[in-house]
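One chain, chain A, appears in both complexes that follow, with chain B as partner in the first and chain C in the second.
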Partner chain A sequence: MTERMLTVRMQINGKQTQPMDLPEDLMLLEYLQEYLNLTGTRYGCGQGVCRACAVIHDAADGPRVVPACITGVAWANGRSFRTVEGHATRDDQGAVTQLSAIQQAFLDHFSFQCSYCTPGFVAAATTLVERLQTAPVARDDVEDVVLEALNENICRCTGYVRYLQATRDVILNTPGLTTDEVATRDTAS
Partner chain B sequence: MKRVLLILAGLLAAAVIGAVVVYVAFTGPGEIPPASRDLSSLSEGDREQMVQAGAYVARTGDCVACHESPDGLSLAGGTPMETPFGTIYGSNITPSRDHGIAGYSADDLYRVMVYGIAPGGKHLYPAMPYTSYHAISRADNDALWVWLMAQNPVDRPNRPAELAFPFNLRPLLAFWNLIYRPEPPELPDPGAGATDPAAPMARGRYLVEVLGHCSECHTPRNLAYARKTDEHLQGTVIEDALAPDITPAGLARRGWTTDDLEHFLANGLSPQGVMTFRMFPVLSHSTKYMTSEDIAAVAAYLTDGAPPPSPPDPRPDAIAQNPEGHRLYLGLCAGCHGSDGAGQPFGSVPLASNTSAMFDNPINLVRVIREGIPARHLAGYQRMQEMPAFADRLNDDEMAALVNYLRQRWGGHDATLAVSAVADTPG
Partner chain C sequence: MVKLSRRGFLRTAGSAAVAVQVVPLHKALAELQSAPKHQPPNWIRDGKIRFRQDGIPKVTGNKVFAIDIRARDMPGWPDTQSHALMLRADRADQRFGGVNETLLPDDLQPDVLIDDARVRRDGLRMTQEAFYGRLLLPVGEPARYLGQPAAVLIYHDYTRFRRARRLLQFNADALIWGAQTELPDLTPYGGARFVRIGGATPGAPDRYSPLADTIIFADFEAGGSPWPAPDRQGDAPSRGMAHAGDLRDELADPPDTWAVYQGHYTSQYVDPAALEPDNGNAWYDPERGALHVVVGTQSPYTNADHIETMVKGSRFDLNELRLHPGYTVGYGQKEHHVFPYYVALAALYGEGRPVRFALDRYSHFQGAIKRHPFDTRMTLAVDRETGLFQSLAADLRANGGGTKNFSPSVGQVAASALQGIHYFPKSDISVQVDASRAPTAGSMRGYGTLQSMVAFELLVDEAATDLGIDPIELRRRNLMHSGMKNTQGAIPAGTMRAGELLDAAGADPLWTTRAERKAAFEAEHPGYRYGVGVSCVQKDYGTGAEAALVRLEVTPEGELHMRHVASEIGCGSTTSQMLMTEAHLGRYCDRVDFAVIDWPELPLHSNNEPYTMSQDDQDEAAQDPHWVPRITSPRSASNSAYYFSHATGEAARLLFDLGLWQAAQSIWHEGIGGGQAAPLAVRRDQAEWRDGHLVAGGLQPLSFGDLARRAHAQGLITGVTVHTFNRWAWASAEFDVDGTPVSGAIDALSVKWGEGADAAKRARMRDAGFAFQPRTRVDYPPVQRNNASVVYYAPQATMVELSVNTGSGEVQILSHKSWMECGNMIVPELVSGQLQGGIAMGIGHALYEELLLYEDGPGNGTWNFNRYRLPRARDVAVWSQQGDVAPPLSATDPPKGIAEVVMIPVVSAICNAVHDAIGVRFHETPLSPERIKEALS
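Coming up: the complex of A and B.
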């Protein structure tokens, strides 16, 4: 049986990709790494559990995290995604000029060691921040929503607490993400 | 007019008196055979032996599945059972003086297990499967009693049943019993089991029909909620999940062999799928603890006289017939289950031989796709990875396309279910 092919085109980090004929059962992660040379998204368990491969799907009803290792291009075709390469601000030559708030916070908090899980954590935390922009929560609930949003991402260097602290800091210090802003910002550090 | 009323009142009084006479005369417990041994003077060694035997009876009878507390105390009660009439909660069967069964004698336990009547004459709802347990051997009952009395008491009150009128009137159950409660056999046959490998069939029957009470979920029920004896083990929807047809012919149609069934009962999975919904607790509390001889006896009994397995042939033409379903399968399912439905060990079940797509009723398939399945340790080293829930990624049209694709490609189905039929699936 000859391999069945599919013409695939989608939006990655704000740009339309060129249409490409791909094996119809190719996973999104392989497409990113092998065809687009976007190697920042990581392959971990290969079963959608560890979230090292998490990318952001910009759906009609807002951003959500999907595991690229078990999401096929057959579903991703025509949709819009953001990978870890797409969060920072870049100049005309493509060089990073400013990291996103979440990326910077992860650095400031020394949130990771080996970094293998980091692209997935960036995707999950960024999705949470963007969700709070449209549906802010009370400051008292921030701890809970951060844990809920990042709880599925696995880190094997014990970085969880610092990832959580960094994300909480960004949320508490970004106006509009919580419903009961306080005059004096209490940083968590 | 007055006279008519008088006649009506007289008829009503006669009916009430008749009912009371029937109630008193005919609906009590039947005969209680003598204890299998003198339980009042057991030696330490004998008691220990009976505790172990009783623990095994409790495993095979799967007491814990319904009598566990929501916070995980194995016999403290509180597991909800949804029925068409309301919710019943498993009772506290620890030897607690105030809330449990500390006051039960072995005879009392027998009366409950066989006749559904607790001390004081209180009628149990047949959610307690006394119509299955009715053929328990006195020896098994007594071992179970010794084991129950050896457990730690948990002083936790029972949660009353929440049933609609008139089902909340327990004495009415006496009349239900009159019609639907079977008499216990004079000589219950628990089978020889391990001691007589030549005769596993009696043991298999006892485990399936009596202790294991398989038919309580796998047999359709009539309007009075009694099992339909002429549709024994033919499968029914209970608590929004299909407990499938497990007759020999039904199993063969879905490709089950005796070996598959043994593997399924012992390990929680087989080429046909993984224990899900209410079968997962059955695995975790009961079948995975059963001896290999008993597992073999159960599998032999359930497949006795079965025709050769004849699962539906995979139909690759479903790909052309249902391109939208194929696209969704490749995009959302194939990453774990494989584009050819082969699955992965310890991760995801094969779909090419999975029975959920074969059932006429799509409820299990739809619910699994909608709700996902948590990561689970099955038995031994066997485990399955979490399956994500896809309810928020599939609209009704897409869900129907995917469900139809799975049913057509691997389930042997030709027909296409309407979008509304899939969308209206409860659960």
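Coming up: the complex of A and C.
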């Protein structure tokens, strides 16, 4: 029995990957981990339930979160994705020089403990922030929006509180993400 | 050929050791915890850390877990990566007939098949088989339990590995099964009994107790009753049984003034669902007899020891073992778990190639350690007039699954913790842990106490309702106050502060206005019921044999370096240990090696029998200054905050006393007439650190760098390594360090003199640059103190507000509030995170999580997160929860371990709140919608 193969090439973290002949039923998570050595996207269940494997798909209509463990390379082929390794700014040697706003907030809030689920939360929270740039919400609705966006991600260590607080604070403190921010900022100042 | 180690500490009776090391990994390639850690950039602001020491690599997706590692990441390893998969028994009623190789086409036959015959032929056995089970299931025998490993298949390329796995997984024909067999009767793993009959007052000597007399152990081999026959004139166990009989008789025919309550509660079988499945990656280099193991584990020292023993005596040469523990998470599941030995096994058969052995969730569920389900029956007598508890009898029965693992000790800890925050004048608590064919249960967050304390907390609430006493008030009246004895007859450490937490809970508006809130909520939400529940427990931390090693060293450049046994399981212990030096040395650690298993600078050995050795044996062994009761402990039992911090603190104190304080004296006494210090009378106890400078009695402030330079220049002591041991009290010892008497709550010490040391001192620094200091006196806690079972407690009260949908049976947590006491917090944000996370896990236990035990359970290899519910953010009242931490009594209150207590009271608080909502008592967790609907129908 021979394996049906597919030539796969996609954009990962802004760079085109080299074409590879891969099994056509390979999952995006396996491609990232076993072929690109990008292991920050984590296996948790292989069913798309826990979202430890969440990555950002940069689609034509904006970013969206996809579970890499049940997303086939056949679908992913030719598309563009961001993994947790691609969020921070890095120097030529790959060393981190600046974290993304969400990463910095997670760090500042002591949001994670073991961190196995952190890449999935980075993807979900970043996607939310970016979608709010085109569709801001009222400040009073931010907590509900954050809860809705992050509710599918499972964390067994933290109880979610510090992840959600960090995301809320990024949204409330980033101009353009809420509709009534000016008055509130004036009040705050 | 086995080469003898230059170190003896891994040597157990009759074994020859090999060189065991942790090898620093290049930081750019791997952020495993065996790589040295420096303070992160911009870590400290205004004297406080801004984030976890491991935060940046974790949040950027670096390789921090063992599961992230591939062969090409490891320095010196071949680049090729092989992959292993495990076939496990999914039935226990037929004889095993081997692997069905016909399922796989020729091109998918494994490159290596490891089965029982092969490992036995090669002389490999599981270390401590009675504890872990045998390596692989022999052909011709039925599986002892579901999920038992039957074979390991290795593929040298990923593509074939995944194709083969696809054909074998969920395939009932992957293993051949033969003749039907009867399920065997299994001997229980253990049983114990804690009988305490107090004196006339709580302070009077006990008439009988485990500490003063004995824990009574069950004997299941003889048949009949497992307990000794009662005999008032007999030995300690027989006398204890006589007391137990009297207590039970009295409860059966109680005085008229007593109200007697009986409770029967059951808890479920649970997987902790740590997101990182069991995994490892290992390479055996047959040319050099070198085994390199990357693994996720909470017990790296034990793993190294057992891997060495497993390979020893086999056909495989082992000259060198290098263990690389990754950051990991397990909630106890990776503490003395069996999987690291399969990782090592696969590597031995890897044909010189690195083998990655990473379980998927199905296979992890099939074999990973579970939480014991408990069946708890209790009889509680309460004085009707006063509401004071008079007597308690309890019988706990747990299911330990397929291998013994820690089952006996989980049972004992459950029994000894049952009382929670309460005091009983007399009690008889028995426990039995049974063997079964379910996947093995073992160490898990709470270690049996979740099950036992929740059961008792539910009974307390039932009693309060019947007595017409406020549940908080009933608890308050029955508090175990400072100096009172627990059910083992031991007096707990320090001040008992659960009462303060109850006071705060009782005064909270959520409690005082609950009736009005209930009426208002139910009026506004037809079809819903509203309830508030409370619970308060105190959880032990530590194991009764806590041992740690720490090395601290000052560099000539003024940096502080540390080596530590602590490993990181997510709780933040590697962060907190870097801070624990500040009190004595005015400085956080600049560089640390964590998870260190190799301690040539403090050559020690141990028989590692701290729980079972006799007093005579301990007394004799203690004469040898290189002997300690235990080398080190796993990362478990909430042990880092107190026990590891103690070791770090003692090392820092000694480094200051022996080194930096002497350097300061040297500087302050410089000059004619004894310098600036001569006119003053400055004592050691006046020393303090201010803004990074040592100050004392008006003398010139000295920076850490100044002191480091002087200490090195004069050849003063610049490094110390200590070993500590705690058996519900600290071992203490005295030393003569170059004529200076030194004492401390440590039992072994080595020192290092600075660069200016004379030739004589240099010659003495033979132990990896350190000089071992033989103790001149040592006091170990007596072995009888094992029977205390627990003396260190951290208390927590939790109150829950919830609603019950009477149509669907769904419970929604509306808010919750907790009050905790944990001494001085090392990092408040980490404590808060533990509290929030523990409560979420407790909510899952109370409401959602349950696995089936046997053929339809995870042992059949089909379980994953789709089979049951885990709590999400929406389930834990993420925006409406509060947590208060009681202020410490003094600046010197030691930090307490709280990683387990945090998940317990919320479980019983939820059950009590559901009763408040719908008027039904549940005696079984979880309170699933189905159970609630059934109760309401």
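Just so we're on the same page, the second predicted complex is superposed on the first by the 180 of 189 C-alpha atoms of A that agree within 3 Å, B and C clash if a C-alpha of one lies under 4 Å from a C-alpha of the other, contacts with A are read in each partner's own complex, and residues count from 1 in each chain.
Here is the rule we go by: contacts are C-beta pairs under 8 Å (C-beta built on N, C-alpha and C of every residue); 3 or more make two chains touch, one makes a residue touch a chain.
Since the model is a prediction, treat every value here as computed from it, not as a measurement.
Novice: Using the touch definition from the top, say if A:Gly72 reaches chain B (first), chain C (second), both or neither.
Specialist: first
Novice: Kindly classify A:Thr118 by the partners it touches after superposition: chain B alone (first), chain C alone (second), both, or neither?
Specialist: Second partner only, chain C.
Novice: Which partner does A:Tyr43 reach: the first (chain B), the second (chain C), both, or neither?
Specialist: Only chain C; A:Tyr43 stays clear of chain B.
Novice: Counting residues of chain A in contact, which comes out ahead: chain B or chain C?
Specialist: C
Novice: Could you say whether A:Asp140 touches chain B, chain C, both of them, or neither, answering first, second, both or neither?
Specialist: The answer is neither, since A:Asp140 touches no partner chain.
Novice: Return first, second, both or neither, reflecting whether A:Asp180 touches chain B, chain C, both chains, or no partner chain.
Specialist: It touches nothing on chain B or chain C.
Novice: Starting from the residues of chain A touching chain B, keep only those that also touch chain C in the other complex, and list them.
Specialist: 47, 49
Novice: For the complex, give me every residue of chain C touching chain A.
Specialist: Residue positions touching the partner: 28, 50-52, 54-56, 58-65, 67-70, 72-73, 105, 107-108, 158-159, 162-163, 272-277, 327-329, 331, 358, 360-362, 569-572, 827, 829-830, 832-841, 864-866, 870, 872-874, 876, 878-879, 881.
Novice: Along chain B, where are the residues that touch chain A in the complex?
Specialist: It is residues 326-328, 330-332, 334-336, 339, 344, 347-348, 375, 385-386, 388, 392 of chain B that touch chain A.
Novice: Quick one: which bits of chain A touch chain C in the complex? Just the residue numbers, please.
Specialist: It is residues 1, 3, 23, 26, 30, 34, 37-47, 49-50, 52, 83-85, 87-88, 93-96, 99, 103, 106-110, 112-119, 122, 143, 147, 150-164 of chain A that touch chain C.
Novice: Once bound in the complex, which stretches of chain A touch chain B?
Specialist: The contact residues of chain A facing chain B are 24-25, 27, 47-49, 64, 67, 69-77.
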